[in-house]
Amino acid sequence: MPGNTIGQAFTLTSWGESHGTAIGGVLDGVPPGISLDIEKIQKALDRRKPGGPHGLTSPRQESDQIHILSGLYEGKTLGTPLSFLIYNTDQRSGDYDAFKNVYRPGHADYSYTMKYGHVDHRGSGRASARETAIRVAAGEIAKQILQSFFPTLQVTAAVIQLGSQKLNAPWLGHSYPENPLFCPEERTIQPWTSYLNDIRFQGRSVGALIEVHVKNMPAGLGEPVYDKLDADLAKALMSINAVKGVEIGDGFSCVNAENGYDELSAETPTKHLTNKAGGIVGGISTGQDIICRVALKPTSSTLQSRKALTKDEIPVDVSITGRHDPCVGIRAVPIVEGMVSLVIMDHFLRWQGQCGSKFRK
Amino acid sequence: MPGNTIGQAFTLTSWGESHGTAIGGVLDGVPPGISLDIEKIQKALDRRKPGGPHGLTSPRQESDQIHILSGLYEGKTLGTPLSFLIYNTDQRSGDYDAFKNVYRPGHADYSYTMKYGHVDHRGSGRASARETAIRVAAGEIAKQILQSFFPTLQVTAAVIQLGSQKLNAPWLGHSYPENPLFCPEERTIQPWTSYLNDIRFQGRSVGALIEVHVKNMPAGLGEPVYDKLDADLAKALMSINAVKGVEIGDGFSCVNAENGYDELSAETPTKHLTNKAGGIVGGISTGQDIICRVALKPTSSTLQSRKALTKDEIPVDVSITGRHDPCVGIRAVPIVEGMVSLVIMDHFLRWQGQCGSKFRK
Amino acid sequence: MPGNTIGQAFTLTSWGESHGTAIGGVLDGVPPGISLDIEKIQKALDRRKPGGPHGLTSPRQESDQIHILSGLYEGKTLGTPLSFLIYNTDQRSGDYDAFKNVYRPGHADYSYTMKYGHVDHRGSGRASARETAIRVAAGEIAKQILQSFFPTLQVTAAVIQLGSQKLNAPWLGHSYPENPLFCPEERTIQPWTSYLNDIRFQGRSVGALIEVHVKNMPAGLGEPVYDKLDADLAKALMSINAVKGVEIGDGFSCVNAENGYDELSAETPTKHLTNKAGGIVGGISTGQDIICRVALKPTSSTLQSRKALTKDEIPVDVSITGRHDPCVGIRAVPIVEGMVSLVIMDHFLRWQGQCGSKFRK
Amino acid sequence: MPGNTIGQAFTLTSWGESHGTAIGGVLDGVPPGISLDIEKIQKALDRRKPGGPHGLTSPRQESDQIHILSGLYEGKTLGTPLSFLIYNTDQRSGDYDAFKNVYRPGHADYSYTMKYGHVDHRGSGRASARETAIRVAAGEIAKQILQSFFPTLQVTAAVIQLGSQKLNAPWLGHSYPENPLFCPEERTIQPWTSYLNDIRFQGRSVGALIEVHVKNMPAGLGEPVYDKLDADLAKALMSINAVKGVEIGDGFSCVNAENGYDELSAETPTKHLTNKAGGIVGGISTGQDIICRVALKPTSSTLQSRKALTKDEIPVDVSITGRHDPCVGIRAVPIVEGMVSLVIMDHFLRWQGQCGSKFRK
């Protein structure tokens, strides 16, 4: 199976280059008879959209209007493939002519050429983060379907570190007022805004640390051995552009820790006293909150000059004058929520297929 | 597809409970006509085997003798499925009778019961790290096949942090003399041995940080978007028992970094001046070394008393008196090498199928 | 994996209801750098289009204009997913209001309702033969890619029996002048046209027998055991609407035959003296012509009155007054060619991945 | 995914060469907590076993004793992979030395060599019908699991034509007394026995036509478009050694028929008046009996001399003196039942995953 499909029982197949006609996705395995709220899908896409009100992220203007082409009838899913597309309206691909024969540092120009030979240099083609709009739309659909089965389930992500700037207190996964930085701590929004503006005006960029919590998670989802729930989450999150690390529960801090377990108790609703494991043991959910963190590297395209090579191996310096996003990580918050929702939805159907019979007594 | 198969073009299907008759694996998609060195496969298994010479890891005695049942003829692969098994010779499952109706902390007893209802309590059944022997054998086979195509390719892992103890200098991925701690720095073996013996005698356990390097990696492997090479590595590594975090290249340190890119130059063999990316950009290998790090949590089963629950939700305290492994992470070194080899082998065949034609000019 | 994707290494994912906005497909695993002839793809779609010049098949008017949305750049494949769609321009779904609550005989109304509960009654929704336009477009693309590797390979199908009417002589798989009945025997076109017109004016319908030949087929394609080349062809062909039987080589006549083998000889280019096997032995192609036959049932929707049931199980009689296709089987000729091309393309990439190394000596 | 796995939600992976140590299978996706009757599995294997009491089929003596190695605990399925193997006890591979460098007519020697280069000539290796023992064991397990959900479901196959010999009356799918010819008509067993003995003593072979019925089939199983239930059945059945044709319901006879539909009625339990469709419409089961027919070619290895080629393309004549099976088709009856059971089991889990929620109201 080629690499543009994710999931086993609930699958997303994605297509589209950054500067082609459109990008799109096909969801298959959709349970029938479920009402979808299209406005909410559009709203999820708007959250990811570059060029927020404060101009803190990429100034590219995209309308990102979703068009659902199949699988819905009279507002409800049919059980047939749900196909959707988003037109690429802001395709100023002429912007990229300068880079046509250049391998840019931090971009996939070199590795794509090694693989395919024939590549689309415009805005990185398929390697562009533009593809992540598909993940957000599909993820929101997955979340809506999940919530039709588990109405209290919540999937919420936030930026918990922006470059050198941390939160004042740990975020516990609760929802928070919308803000362009996806900062869950109200008093921190202003300092982070100033910090990021400084980074931006200096033509620099920084990374971000995102945390995601799934609350009211059903127990028993995940497959032992290879398709562990945490393994599939790691893959789904690592597949997001610019992600360089993924951890679950206590994550890397477990190396220099002791007692790497959560004691049990009948006194708590989830039967556990702590949640070092991040809600997954042996690859299967315990019913506690799922907690993951994801590290995103700084934007590669900055105003600074960088050493590059042409395809004929002539050294050139590249820098950009126009579009510049000081922290790509921020926009990844709805993408992270989307990928987590897709993975849980897939494992819910897998569980239901194998273990969820309503026939057996 | 249920969760006991990994890979798309080169697949490993694994089976077997810790205390059943045997465990085994089936490799499919094996290229034909390749000579396998069975002794080296056995040697790889011996490296993972618990109960090393210094008794630093689990005292369970397993012979772990591999039996290849199909797919080999006159020493060469046939191209048909290569099936192998390892008998469970040290099955003292009576040891586990005490835990028959107990959900132990840090073990998968609770989550497995939530999923399956009917579970094999003996030595954690399918959740046991015993399954990882299959990964080691299959990974060594994958590595041998890869090396028949790329003779200089090397996959080497090492423990770079043991609990609180770090190396004196960064390890650069070179091979090192065998030692029970998989410590790549000779002068550090002795202090780590003392440290771990202390941990062990105190009935405690610690975590480990493992790093893996792939040297002489071919460029162009990996799929864009979902099946990125780093995404598949993250999944394969996160699926190993006790792993709680995975990072590629600069990993989590990229959050508070700038210039998250590697400049290009025609002067170096790999065309890049640095390797912050860990050898993968846009999900596709650049031909530089692949570098990943994996965090493993401390063993859950220690001599200390822990709060548990019976299946009837009666609180009980559990501790073990017999077998106790002060750091499960150490034994993961050959497992990490195996999983990385499996992922690269799979992506090599996927690349060859789509892009590697010998017919086209 | 849900049921709207076919293939393993070269995959087609299809979406769209008969009377929704559009139908479409996504091809993944496309080898890069291959020139596609879009006009030929359009021409293949025109061959399938209902309402030929003589009005012999369904009068539905569809423009069936293909729009390629991704995966092509400067006329060549990128190696990324090739997405295409066809708008549903003739959606007079009001025609179907009469059947909104009726299970029609020979249509999937009843079985779809048993599966999904919530269904799209308009023109059978997903069960409509309209979906086969996707198979034709994707199949033509597969054929063009195959021919870039094997320039002499030919995939040709023809109607060899129309209701009670047979050809005068066996058709040997050669190409023939285009005609609305896909009849490979020139002198037979006129009698078949009269025959079918009679059937049509009487409001009746008949079945068809289609044969397909692959000439200059490469040897060695196919997987042993389950994914035999003939098994995958049987699936692909049986999945076409209205198909009720598939046979390879001598097919059903082998039951009352002897010597079910083809003797070998160095004297012939394909090393065999006969081709009873239809070009596949042990699931793997021999390099001889592949020969399959497919039986299609008569159209269910005729002018005759038929006993149906409403969803409340009230008996009703249904018949149609408008559109009526006296033989759906005819239009299946380009669909059969498409499905065969898709299967061979898939097995070519699978073979190339596992066995086709240009690295090994 | 390589070709030795069948199914999507309930998968069988098979391995083993005819004359290696053993053959085996791994079932994954097995629902947990289901009791298996091992004796019945053994009995199913015994039905397929060559060398019946009357010596009517191949005289090879195999014990075909099944060994279940995992996935069962205290007599019930765990939900983990169920691995089983059968040792090859009658491996007289010396019998095959004469054919070591020969491409035999009707065998896969030539096509395997074209694909793999390196092949196991002993008893056809992986191409041998010996592999079908795995299908029978796995199919019986699938049937037992299915019957734990649908206790009245029956899967029954029979030989309905043996060479030129037909039954006196149509067989309606009911069970029949066991006999070595799997002949469902008692008065016909004796004449068929004489007929086949004649064929055998003359050193000849004939084909067979097998029909299979599934009674008390649940409605709503199957996927639209590509993974139609009939398409998956066609693949599963065509993948059986020696099968050259598959048809569903009225099959090939529909070509020269009219009214290719089944009228509906509230008066019958299955809501249909006839069953021309063979229980599947639009790829989805209607709840009527599923009916398929399968054509098997005559054994290729007979006492007659046949023209073959050595690998150096020297003409040689081959014939066999020892083992000779006058009709391989007969033994396919339990294999056909097994494959049908596997396909239905897979589609049941797929249906349950997507459509079978016990959560939704």
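Just so it is clear, A, B, C and D label the chains in written order, and each chain counts residues from 1 on its own.
Quick note on the criterion: a contact is a pair of C-beta atoms (placed from the backbone, for glycine too) under 8 Å apart; a residue touches a chain by one contact, two chains touch by 3 or more.
These numbers were taken from a predicted model, which means no experiment stands behind them.
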{"item": "Self-contact between copies chain A and chain B, residue sets same or different by half", "value": "same"}
{"item": "Longest centre-to-centre distance from chain A, chain (CA-based)", "value": "D"}
{"item": "Whole-Å gap separating chain A and chain B, where each centre is the average of the chain's CA atoms", "value": "26"}
{"item": "Inter-chain centre distance, chain A versus chain D - centres from mean C-alpha coordinates, in Å", "value": "45"}
{"item": "Multi-partner residues of chain B (each touching 2 or more other chains)", "value": "1-5, 8-9, 14, 29, 32-33, 79-80, 115-117, 126, 224, 350, 354-355"}
{"item": "Contact footprint of chain D on chain B as seen in their complex", "value": "1-5, 8-11, 13-17, 20-24, 26, 28-29, 32-33, 67, 69-71, 73, 76-83, 85, 115-120, 125-126"}
{"item": "Contacting residues of chain C [partner chain B, same complex]", "value": "1, 9, 29-33, 79-80, 148-150, 224, 349-350, 352-360"}
{"item": "Contact set on chain D toward chain C in their complex", "value": "1-6, 8, 12, 14, 103, 105-108, 110-112, 114-117, 124, 126-127, 131, 161, 163-164, 204-209, 219-228, 230-239, 242, 244-252, 254-266, 271, 273, 276-278, 280-287, 295-300, 302, 304, 306-309, 313-315, 329, 350-351, 354-355"}
